[in-house]
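Please find the structures below.
Two complexes are shown next, each including chain A; its partner changes from chain B in the first to chain C in the second.
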Partner chain A sequence: MDLISQGVVSGVLFGGLYALMSLGLSLSWGALKIINLAHFSFILLSAYIVYQLSVSYQIDPLLAMVVVVPIFFVIGALMQMFFHAVDVDEFKSLIITFGIFIILQSLIQTVWSADFRRIGIELNPYATQSISFGGVAFPVSQLIAFVAAVLIAVGMSLLLSRTYFGKAVRAVAQDRSMARAYGVDPRRVAVILSGLATSFSALAGLFVAVGQSIFPGLAVGWFGIVFSVVILGGLGNTLGTLTAGVVVGVAANTASVTWGPLSAPLVTFLILIAALLFRPEGLLTRRSVA
Partner chain B sequence: MRTQRRRRYLVVILVLALIAAACGGDDTTDTTDTTAPADTETTVPSDTETTEPEEMEEPSGEPIRIGGTLALTGFLAATGAIHQAVGEVFVERLNEQGGLLGRPVEWVLLDDESAPDQSAAAYERLITEDEVDLVIGPYGTGNITSAMAVAERYGYVFPHHTASLTYAYNYACHFSSWSTGLHPNITNPNLIYDALESTGTPPETIGFVVNEFPGTMFIAYGQDGTDEGGAVSLAEDRGWDVVLDLTFPTATSDWAPIAAQIRDADPDFLYIAGLGVNASNIITAMQAIDYSPAGMFSQWPAPGPLLQTEGADGIMSVTIFEEHPPFTDNPDAVEVSGLINDALADAGIPYTKVETQAAASWTAWEYLTQAAEGAGSLDQQAMCDWLLENGADTLFQGHIEFRPDEQNYFEDLSKLKQVQDGDWWVVYPEEFAAPDRSLIYSPDE
Partner chain C sequence: MNRRRRTLLGFAAVAVILGFFPAVQEALDLPTFYVIFLFTTLFWVAQASSWNILTGFAGYFSFGQGAWYGIGVYAVSVLVGKHGWPFMAALPMAGLLAGVAGLLLGMVVFRLRRLSGEIFALTTLAIAFVLAALARLLPAIDGGTGIFMTGTPLPEFLGDFTTAMYLLTLVFSLLTVMAAYLIQDSRLGWGLFAIRDDEQVADGLGVPVFRYKMTALGANAFFAGLMGGLWSLRLGFVTVDDVFNIRVPLFVILMSVLGGMRHWMGPVVGAVIITTISDRLNSAGLADVSQIIIGALLVILALAVREGVYLRMRDRWVTTAAVFFGALALVTLFDINGSLISDFAYAMVATTLAMLVPSGVWERMRANRGGTGGDGPPETLADDLTEANT
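Moving on to the complex of A and B:
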């Protein structure tokens, strides 16, 4: 029973990290119709910057948040301005952002080499610390990531549903022209939302750097999980994304401790297929940002 | 209108910046031919601490072109970078010392992007289009396996580094520089188990966590379709209770379930048949759930990250060379190690010590050049015959005699090393142990 309990707890917490990795993509795809594959390289680049800041300035990696989040907000905003300038649609966004993904991955390897990097023990106690409760361990780094994911998902959900900006985002997502007619500047809304989405990926990258060794090829392994969470959660639905992250995390972890690690990706993609067949709009009934 | 034009210029500038970022930096990510700095000045760079080479006649004439690929990009690139750095040092030093057969050497290096099919295609191109004189193998079992088939088809001598599927290599002119012997699935685990028994307190229970990579599966379970066995069955033969036998996909990113299962099994000894940072990630995940086994072994880890992993103290692995006595009793080995240390540092690689990968890489180059010098020509068959008849004198592994009846493999020269006091030290067999170092293991700790 302890094994299953541990699997479930780890799954929930890891699901928070999956959600954090997926929020940005979900928002940009759902609200802006941008399938941003560069999102994965932003997570990786953030991880490397956090690593470098920790190692160069001997600082707690969590403190790097105050640097990476604003930087990546600006990057996301600039990227959206670029997309406006070249009039990117959904399909073009796939191609262009894939190119950005490749370029950034090469840049990372050029700067940091292909070798593995890891924030040392003395700077990063979070990776191995845990809180025990009822015979089950709650790893600290995953706990913090989970809390961050919940705060952001709930915060964004409130922002989108209760604020003028949120209404503007939903209006733009539904009908840009009509939104403009009502005085909403779609481009400005998109730039801000893109900045937010990219800053969420920066936060995800921070927790990646805290939790494991990083290397330039790491990002490719995230595609399957993140797309599963994004689609299962519903495009642009932040609470759905959080829920989907936890569902995928728990399912994969529980399957792994029960049937072996090979079953984890199998379960993940079965969930994705089931979601596409039976719940294509996402877990929580409300569609995207409507 | 003016705003639109301004925005278009901004777009153009941004695109050019992106292109510059992609194309900038060194040649390591370029997929076109790269040549090692063999035809540049032959003096040793002043910022390296080396002894001055003897005055040698400068090589002259048409360069001898040695073709090969390495994983300069992709998931194998971390180790590919080590082989690139070592190869460049070797070629530069070779040219400083008179070249090969009196001629300068040029290394034609292509990026196989960590993909076996790319490797095969690249070797095909190197041999048929670029018409290289010699070839040297790539890095990575899959890439070596596919490239060897090409070399065999064209009759090229094929020295290679760390290919793990030893039983698969039947080409008469292949020469492995990784001294695992033909049956590492037997000799490697026995080395570890003998070492554990030498402590007087061997484990009673053992757990296995195995990467589904073919090489690690071979080590753990032996060759499919044979009774030869591997680490798991050999442990059972010793009367140890196998309390965990778990395989995981190579692309695993969530280690928590694996850590939970290890904790649940609580083995006296954990055998991680893994690669790269598998062990680092598993240990971190175990630490995060407040668990640490009494003893651990990692098959083929990236050595640097493991030293930075909390909870990795005491973990063991295998090696063919480490930078401490008695290996460094050879002053030439010390000199070359220094050159390699500097080259790895220049390449931005954090862990710069010479160990298995760098040593095997250097050895492969030694095979090739000694074969050419020994045969007195670049005739592939003559080179192959010379190596089979004479063996090779290698800097890091001593004299090697190839055994044609064992698919050109020789004895397993692996040693057991262990992380102690924040660094790797050979601890077994005793005659190769670092001074004042011995294996530390107790199932009760």
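Moving on to the complex of A and C:
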């Protein structure tokens, strides 16, 4: 019983991280029609920057947030400006962001080598602590990541549904030229949204660095999980992404506890195929941006 | 029909010329490496051509090349290495298994109404890593130990290993390219091009959309798997990490984008250029940066040459020939680098750079040179459009 509830709890907590990793991709795909494969290397790059800050300057990994989040906001905004300048469609965005992905992956490998890196325990108090509640342990690092995911998902959902900016984003997602006709500047909206999306991936990278060892091959391993979460959650639907993250997290974690860690990608992929067959529009569709 | 007969004769000529290359190499006492380099090039020509059948013709962007290739590699490795099948019996299974896997994926994704292009792209991206996990997990496939393929007996009449490998790659890559040509030059090809331009309109006009897409995907996976099965011999020791990685999809995408995805010759030209350049980068000890260069190249090419260099080469064939042979002569004359392949690499880079001159600028240059005073912009725009739609 305890083993099962522990498995479910850590699945839910992992799900928070998966959701955080997927939010940016979901937003840029759903609202900006840009399938950003570079997203995966942004997460990894942010993880390495957090690692480096912590190792070289003894900066608390959570505090590194104040460095990586603004940096990646700027990167995301610049990338969107570049896309505007060269006028890309979805097809081209795939090729171009794939190229950027390859460049960043090789850069990471060149700078930090293919070795496993991990922030030392003395610098990273969050990795080893856990809160025990009713016989079930909640690792602090995962708990913080989960809370961050919930805050961002709910916050983005409110932002999109309640504010002027959110209305503008939805208008741009639905019909760009119509939005322009009503006085919304689609480019500005897109640049800000892209910045937000990449800063979420920076946060995800931070929690990856806090919670586990990092190595360049990690990024490709995320493809399956993140993509399943994005599809299951519905494009641009932040609450759906959070729910889907938890569903995938519980399923993958239960599978890896029961059948060994290698079965997790298979279960994730089966969920993806099932989602495509039965709910291609996502779990919770009503509030979707796209 | 006349045109088709001429093209098929061209295939036959290429087959004969390339078929005698190992004999020529032996007679002239050239390094064996030339043969290896040539069959590596042919392998990539086939991979890129098969990818283009789906993505270039039908417009469905696929990252699945690595998956189909990997299925082929593992089909042959398991059947030969673990069950003792003769190689030539296992090889067709590689193509068939990959083809079936492709069709299964198509049955799921091509039924979707909306977003099926994007979802197809990302599903194919995920599928190679799922297959990798599966191969690692199951001892019946790999189980994480790898499979030795060195010393696999090949039919005697093909000669020693390098020659046999060369001849087999030549035959199957010619078949792949020929299949791409025959598809483009058929009702199926026209249907696929219509799907790429506007799937709904194609459907409305009576193109059997689902069946055509399945055929294209099946052909892509079949030939990719077949070449993968062949390549298991070249790998020698087959491991999950070597097989299921991002390299194969990256290279085929780059080659096809460079050469052009709207003509069956595009991937062929792109594959020859990229294989040559990447081989030179690696032999110059630049393997680390070569990946970065390739990524950057992909970004630039995707933005700079919409229609690919092949169609431009055909349009500007005089310049192409002049630059290519001029550069080749210069490099050979000054003997910049001893290797024949390097000479070709320089010539190819020069030609490719010449082709990157935008169509607009090109037209203006031609108009100025001809002195016909054809003032550019409107005409150029129209040319640009026709070129893009060719």
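A few notes on this one:
Simple rule for what comes next: the second predicted complex is superposed on the first by the 282 of 290 C-alpha atoms of A that agree within 3 Å, B and C clash if a C-alpha of one lies under 4 Å from a C-alpha of the other, contacts with A are read in each partner's own complex, and residues count from 1 in each chain.
The criterion applied here is as follows: a residue touches a chain if its C-beta (ideal position, glycine included) is under 8 Å from a C-beta of that chain, and two chains touch if they have at least 3 such contacts.
The model shown is predicted, which means the values in this text are computed figures rather than measured ones.
Bringing the complexes onto one copy of chain A puts chain B in a clash with chain C. In the superposition on chain A, contact of A:Leu159 is made with neither chain B nor chain C.
Once the two complexes are overlaid on the shared chain, A:Gln142 sits against chain B while remaining clear of chain C. Comparing chain C and chain B on the residues of chain A they touch gives the larger count to B.
In the superposition on chain A, contact is made by A:Ser10 with chain B only, not with chain C.
In the superposition on chain A, contact of A:Phe98 is made with chain C only, not with chain B.
Of the two partner chains placed by superposition, A:Ile59 touches none, neither chain B nor chain C. After overlaying the two complexes on the shared chain, residue contacts for A:Ser106 are found with chain B and with chain C alike. In the superposed model, A:Leu277 lies in contact with chain C only, and not with chain B. Of the two partner chains, chain C is the only one that A:Phe269 touches; chain B does not reach it.
In the superposition on chain A, no contact is made by A:Val69 with either chain B or chain C.
Chain C is struck by only one stretch of chain B after the chain A overlay, and of the options 112-120, 166-174, 346-354 or 382-390 that stretch is 112-120.
In the superposition on chain A, the residues of chain A contacted by chain B and by chain C overlap at 86, 99-100, 102-103, 106-107, 109-110, 220-221, 260, 262, 264-265. Against chain B, the residues of chain A that register as touching in their complex are 2-3, 6-7, 10-11, 13-14, 78, 81-82, 84-86, 99-100, 102-104, 106-107, 109-118, 120-121, 127-130, 132, 137, 139-142, 211-213, 215-217, 220-222, 225, 249, 252-253, 256-257, 260-262, 264-265. Contacts from chain C toward chain A in the complex involve residues 59, 61, 63, 108-109, 112-115, 117-119, 121-123, 125-127, 129-130, 133-134, 136-137, 245-246, 250, 253, 257, 288-289, 291-292, 294-299, 302-303. Chain A contributes residues 29, 35, 37, 86, 90-92, 94-96, 98-103, 105-107, 109-110, 220-221, 223-224, 227-228, 231, 235, 260, 262-266, 268-269, 272-273, 276-277, 280-281 to its touches with chain C in the complex. Interface residues of chain B, counted against chain A in their complex, comprise 7-8, 10-11, 14, 18, 21-22, 24-26, 28-29, 72-75, 77-78, 80-81, 114, 212, 246-249, 251-254, 256-258, 260-261, 263-264, 276-277, 280-281, 284-285, 287-290, 302, 304-305, 308-311, 347-351.
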